[in-house]
Every structure is written in structure tokens, then in C-alpha cells.
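Letters A, B, C, D, E, F, G, H, I and J mark the chains in the order given here, with residues in each chain numbered from 1 onward.
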Amino acid sequence: MLFLVHMQVRIPPDADKAFTDALKAEEKAFSQQLQRDGKWRHLWRVAGEYANYSVFDVGSNDELHEVLSALPLFPYMQISVTPLAQHPSAIATN
Amino acid sequence: MLFLVHMQVRIPPDADKAFTDALKAEEKAFSQQLQRDGKWRHLWRVAGEYANYSVFDVGSNDELHEVLSALPLFPYMQISVTPLAQHPSAIATN
Amino acid sequence: MLFLVHMQVRIPPDADKAFTDALKAEEKAFSQQLQRDGKWRHLWRVAGEYANYSVFDVGSNDELHEVLSALPLFPYMQISVTPLAQHPSAIATN
Amino acid sequence: MLFLVHMQVRIPPDADKAFTDALKAEEKAFSQQLQRDGKWRHLWRVAGEYANYSVFDVGSNDELHEVLSALPLFPYMQISVTPLAQHPSAIATN
Amino acid sequence: MLFLVHMQVRIPPDADKAFTDALKAEEKAFSQQLQRDGKWRHLWRVAGEYANYSVFDVGSNDELHEVLSALPLFPYMQISVTPLAQHPSAIATN
Amino acid sequence: MLFLVHMQVRIPPDADKAFTDALKAEEKAFSQQLQRDGKWRHLWRVAGEYANYSVFDVGSNDELHEVLSALPLFPYMQISVTPLAQHPSAIATN
Amino acid sequence: MLFLVHMQVRIPPDADKAFTDALKAEEKAFSQQLQRDGKWRHLWRVAGEYANYSVFDVGSNDELHEVLSALPLFPYMQISVTPLAQHPSAIATN
Amino acid sequence: MLFLVHMQVRIPPDADKAFTDALKAEEKAFSQQLQRDGKWRHLWRVAGEYANYSVFDVGSNDELHEVLSALPLFPYMQISVTPLAQHPSAIATN
Amino acid sequence: MLFLVHMQVRIPPDADKAFTDALKAEEKAFSQQLQRDGKWRHLWRVAGEYANYSVFDVGSNDELHEVLSALPLFPYMQISVTPLAQHPSAIATN
Amino acid sequence: MLFLVHMQVRIPPDADKAFTDALKAEEKAFSQQLQRDGKWRHLWRVAGEYANYSVFDVGSNDELHEVLSALPLFPYMQISVTPLAQHPSAIATN
């Protein structure tokens, strides 16, 4: 089941750099594991912004929330979720 | 080069049904040809709305505009475009 | 799996009354069947507006879209969907 | 009498963790007591966000305000309230 | 129990004048009866707009919806409702 | 002459509590004096929010600004003003 | 007493031209009389839009509403009003 | 003197095609004359939308309004204007 | 050439009072000099807000920006600019 | 390939002046190099705001993101990007 997720990262300019760099490294590792697991199906940078659009493939709303709220940068992100359904004109199955 | 495209269809309830049905059939055929050509890479229905999120893979902004403005339902759609870049944490190449 | 759905009905004042009355009767019957089936779990009127907030319990985003797009008043409604997850402080299971 | 309540929690990332953890524990206990009392009828997590949609069943606007403003996290929340009425197509009574 | 209600009237310029004049006359009579009954406690014109802010004093959300949806101009109005509670600094009781 | 005034209070969670408690006490006393003087005609709490809707009865825009900008909590409030006129269907005079 | 008024004119493209031309001529005459009377103190075109910003000098909110709602184009305009007060740094009196 | 101008064209789907085609042809000719005159310095299509961003080089706000309001499609456009100044880091003069 | 300018002042409540008082005094002196020079033609307080609407009469966009960006409170203000043109119904020349 | 980019700079008033002055100097040098390279084709100040509208000419969305995210002031800016296409009425090629 697919969800489009928009994430905007808002790290205050005066945040501790060592701390946030560590968070970003954890975020990257966590994200790549989820991608390899097939749960984080697409991850795109929004050109010009510290933001991404992603597509998640999970079994339920609960699983989606578990994954998103476990992101190391979750406290610094503004997230919005759009549930996606099969489009009748799509030649591929979701 | 990837673009996320949000399309909302707004057909007035009193539009001529035969005419708009024909447009929708043309739209579907056109869309599926573009999908087979690899230019319309993803097409998802927004659950609960007459709208879709799509990802296009085209060579330029000009090509993107040519494709979108040629859609049979273009005069009935509100469209917004977000240019996508390679995300440094993505394990796949755009 | 639960979804909060906000529906605003926008019937033009000059619409044919017999036609829209028939649609509303179909909508009511369809809605009540879905409620009896347990898929449309809650249906509340927004006080002062021709709108409702509803909670649907369906198996997937696809099922949600099938149900909502089949509503007789669908062409006259502006709908937005919020996926709901289990809240850790809730004493009931979703 | 039912009210749909949307609560978004905004705890600054640099807040004292011990203090806010204590607030969250109090919030949980307070919320569960209200749920057991039948006043906080539904509590759902918004998937992907530190937010919830809730339904309160209280006797008046005054009681609603007393309950919400007594929440331990109230100073950290952005709250909006929608009064709900009986829907003519609902098969259940509010 | 008090509710602040904002009503914006949107009558299309090409509506039948005799018909809408009749509606406005009914609206006025209905409104004045509700004012005399003490349910429509305040009625103010928003300066410069075809809109009003009103305060209703009703026993429940259901009663509020019954009153508002029975207004002759209801199909032509955009309405929003704000539930009001006793303010701790107010010297009068709601 | 009447004005509807919407006040939202935004006190940062880390503000000095003794200081803001003193401000709130001054605000209450000041507000109650204005109510007794007939200038602050209505004061209602917005249910669920640290906000109020008020109606002021003053002689001019200048007097309104003098009163509002003298509120002890003025630096912490977001205020918006709507000028009110006599409604032709109102049975009471403003 | 001064009010800043923003007026946006929205005449449907298919409106009867003779009728709306007559309205515009009446509007112009009415506006110029109010300017000569000193009530419509300033009238500026918003560059690039069928809109104006104006400053009215009237004795009350009621008088402002009487003037604005009597404008021949009132049914075709979206109007918003901002009450203005004396600025402490202004060298002129309002 | 430069102005960034955003124009969105909103032609109703049921407009007379011969009439609007004629308007579009006039618009194109008029636009190209202004470009040759150096007044309409840049004209870009917004990718995916029936809209453009343009830069005008005119002597005054009045001249800008004269040009924009004379556009054949002016009654069908929503226009917004942003005045531009010399940027201190720009290597070219406006 | 006239411009309507909206300025909202946002001084953080915890700013150093001596410093911001000095800025405000400079702002007042600077503003009054510009008013005497005829460049800051009108200055009105928005009733109930720490904001003003002003009309500037300057020779160009560049001069407008020079004046506004030189305001002592510029770093604390949110400013928006609307270019004004001669209105065909105005009896006065801009 | 052209992109319109809107950049708003938001430096907190209490930021270290020496540090942000250094950033601004780096930003200026970086920006001017990109202008000389033909990648930052236009750079205009928004009159009255600490913001600019720019046009970039780059080979891809990826190149655009690389350039924008490398700006020294990137952490202090809110950026939005609009992809531009050739306009059929433009006499110049993008």
C-alpha cells in the first residue's frame, strides 16, 4: 500500500552541528535500510529545498507511522502524508 | 530528469457527458502511451479525490510542458509541478 | 484501518432539484449500507455546514478510494483524507 | 454532545527532556482517565505527524474548554475544535 | 451555550431577483423570530461586506445546526462556527 | 461603534512564569475595568484555545487602538479587528 | 475616521456588456461625488489588476457600510476593510 | 524600471472557441510588439500551466497598468505584480 | 509614483528594551524626515496591531527599496509592496 | 534550461553579526561567479524585502539543486522553484 510523504527539514541555524551531523548520518543509514527492505520505495530531493518527496510501501497506516516517527530527524521535520490508490489508467500495479 | 506533477481534475457537473467521456478515453490512451514510452514513469490516484500524483521523466522543462499541455483533459485540470533532484541518501539513481 | 474523511457538498443553487434529490436519496441508502457493513464507522454532521466528518474502516487505500468515488454525490463533493494510526495513549484498539 | 478536536504538538527540540517526558506521562494518564470516563470518546494518531484527531463527548462548550485547557501539554499544542451534530444519514445516535 | 457564527452570502449576480428577494424577506422574518426567542442573541453586519457575525445561544450543537440549516439563504451562504466558552476575566456570565 | 476583535495569546513556553503571571493579573484587572466602563462589551473564550473573541464599543478607531495597544499582554497577542455595522435584520440597535 | 478599503471587481466575462457599462458609468459618477464630498479621500488603481485601494473618511462604521453597499458594482466586488488610527510618528493628523 | 508579472489565464471551458482563438491571436501580436519595443523584456511559460512569468521594463506604475490592462486576454487573467529593484550583488544593471 | 506599503513589526518579547527603544526613536525621526520631504506621503496605524499602511511617493522601485531597507526597524519588519497607478475615476492626480 | 527561483532571507535579529557578514560576503562572491559563468542569468531585488527573484540557466534539476544548496546563506533562506519553458509568443529563445 503506497503513501506519498512530503518531508521538510527545519533544523535551527544555531543547533549543535556535531549533534545534528550525527542525526543526519543515522537518518541516512536508517533510510537506506528501509529502501533496501522495499518499504521506502522512492526518495527524491525537492530541487532547491531541504525537503524530499518519498513513496512508502507499507502494510498499514500504523506501520507507516511507526516508520516515520522512528526517523532520527522526525523532531525536526514537518511531514504530510497522502494515501495513494491504484490509478485506472496506470499500466503498472501499485 | 524527474518532475513530480499534481493534477486535479475539475469537470463541471453540467458538462456534456458524451464529450467528457470521449476526452477521458483519449486521456487514458495518451497517458498509457506515455507510460509505455517511459516518460510518465509513475501514475497514482490520490485516495478519495479526482486527482493524481505522477512522476515524469523527460529531457527538459520544455518537453514536460509539451506533454502536459497536450493532455486531452488539460483545460479541465489544475496542475502544479515540483522539480526533483537526486537525493544523497537514495540508493537508486533518479 | 481507519481514515478520517472530510466531505464538503457543493451543489450549485441552480441544479435540477428532482435530480439532486434523487442523488441525495441514493447517497443516504448507500451510506447506510456501508455503515451497516462496518466500513463507514462514524458519520457526523459539521454543525452549521453542508459537510461531514467521517471515519472509514477499510482494508486498504484502494478500498477507500473505491468506496468514496462510488458515492452518488462524489462529483459534487470536495473530499480530503487523513490516514489514522493507533495512538499510544488510546485505551481502545483502532 | 460531540466535538472533533485536532491537536498538534509543538515541543521545541531544545526543551528539557526530563521535563517534557514528565509532561507526556501526565498527559497520557490524564487522557486515559478521560477516556475511561467516556468524555474523550476517540483518540487517533495522525499517521506521520505528532498530532491527533479526537472526539470529545461533553455537556457544553465550557466543559470542553475546561478539559482541553487542563491538558498537561496544552501550552505546547495548537488546537482547533469543530462542533459535530447528528447526521441525518447516520444509523447511530451521536 | 454560545456560538460565534460567521455567514457570508454569495448570491450569483444573475440569480432571479424576485426569487432571491423573497428568500431575503423570509430570512429577515425568520431571523427576527429567532432573535425574539433569544436564540439568535446578536446579529452584526460586517462593514463593507454582504456578511454578518452572529452569536447564537442554543442548547446543543444539534440545535445550532437545525437553526442554521433552516435559514432560507442557507444554500447561498458560507458559514463557519466557533464554539464559545466562559472567559475567566468576563464580568458577565455567558 | 462596535468592533469584533480576535485575540490569540502566544506566550513562549520558556517565558518567566512570575513575570507573565503578573502580566495576566494586570490584564484581567484592566479588562474588567473596561468591561465595567462599557467599552469592552463582550468577552468570550474560544473553546479549546488560548484566544478570545471580544466586542468593543468605542467612539473611534483611535480609541480602539489606544485600548488594545494598552493591554498588558499586547506584545504577546496576535490581534485582528473587524468593524461592525448595524444589520438591517437586527431587532436591537448596536 | 479613516478606513483603508480594498476592492476587487469580478465581472463574469459573459456578463451583458451594455448593462455592466452602465453600472461602471454610475459607479464612476457616484465615486466622484463621494470624492468631492470628502468621504472617499483617496482612490488608487492597483497596477495590473481590476482592483483599487481606497481611503474613506466617514463618521462611523455604519456610514462606511452605507456608502460601500450603495456602490453600483457592489454585487460584483470582493471588499475588505481595515480600520486606520492615528500613527504616533505621522506628522499629519488623520 | 522592472516588474515581475505573473499571469494565469482562466478561460472557461465552455467559452466560444472562435472568439477566444481570435483573442489569443491578438494577444500574441500585441505581446510580440511590446517585446520588440523593449517593454516586455522577458516572457516565460510556467511549465505545466496556462500561465507565464514576465518581466516588464516601463517608465512608471501607470505605464505598467496601461500595458497590462490593454492585453486582449486581460479579462480572463489573474495578474500579480512584484516591483523589482537593483540587487547589490547583480553584475548587470537592471 | 505611488506605492502602498504594509509594514508589520515583529520585535521578540525578549529583545533588549534599551536597544529597541533607541531603534524606535531613530525610526520615528527618519520617518518624519521622509514625510517632510514628501516621500512618505501617508502613514496610518492599523487599528489594534503593531503595523502600518503607508503610501510612498518615490521616483522608482530602486528609490523605494533604498528608503525601506534603510529603516532602522527594517530587520524586524515584514513588508509587502503594492504599486499604485492613476485610477480613471479619481478626481485627483496621483 | 531556465528556472525562476524566489529566495527569502531570514537571518534572526540576534545572529552574530561578524559571522553573518562573512556569509553575506561569500554569498556575493559566489553569486557573482555564477552570474559570470552564465548559470545565474538574472538577479533582482524584490523592492522593500530582503528577498530576490532570480533566473537560473542550468542543465538539469540536479545542477540547480547543487548550485542552490551550495549558497552560503542557504540555511537562512526559504526557496521556491518554478520551472520555465519556452513561451510560444516569446520572440527570444530561452
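Basically, contacts are C-beta pairs under 8 Å (C-beta built on N, C-alpha and C of every residue); 3 or more make two chains touch, one makes a residue touch a chain.
Computed from a prediction, not measured in an experiment: that's the story for all the values here.
Student: Going by the contact rule set out at the top, which chains touch both chain E and chain J?
Tutor: none
Student: Spell out the chains that contact chain G while also contacting chain J.
Tutor: Touching chain G as well as chain J, we find H, I.
Student: Counting C-beta pairs in contact, which chain pair has more, A-D or H-J?
Tutor: Result: the pair with more contacts is H-J.
Student: Name the pair in I-J, H-J or A-C that forms the same interface as C-E; by residue number, over half of the contact pairs must coincide.
Tutor: I-J
Student: Measure off the straight-line distance from the CA centroid of chain B to the CA centroid of chain F, and report it in whole Å.
Tutor: 49
Student: How many angstrom lie between the CA centroids of chain D and chain J, rounded to a whole number?
Tutor: 43
Student: Chain A to chain B: how many Å between their CA centres?
Tutor: About 23 Å, centre to centre.
Student: Return the distance between the CA-based centres of chain D and chain E, expressed in whole Å.
Tutor: 28
Student: Hunt down the residues of chain H that sit against at least two other chains at once, touch-wise.
Tutor: Chain H, residues with two or more chain partners: 2-3, 45, 47-48, 61-62, 64-65, 81, 83-86, 94.
Student: Name the touching chain pairs, would you?
Tutor: Touching chain pairs, listed by label, come out as A-B, A-C, A-D, A-J, B-C, B-H, B-J, C-D, C-E, D-E, D-F, E-F, E-G, F-G, F-I, G-H, G-I, H-I, H-J, I-J.
Student: Which part of chain C faces chain D closely enough to touch in the complex?
Tutor: Contact set of chain C toward chain D: 2, 4, 27-28, 31-32, 35-36, 42-48, 52-53, 55, 82-92, 94.
Student: Can you name the residues of chain J that touch chain B in the complex?
Tutor: Residues in contact with chain B: 1-3, 60-62, 64-65, 81, 83-86, 94.
Student: Within the complex, which stretch of chain H touches chain B?
Tutor: Residues 11, 13-14, 45, 47-50 of chain H touch chain B in their complex.
Student: Taking the touch rule as given, give the residues of chain F at its contact with chain I in the complex, in rising order.
Tutor: Against chain I, the touching part of chain F is residues 3, 5, 12, 15, 61-62, 64-65, 68-69, 74-76, 79-81.
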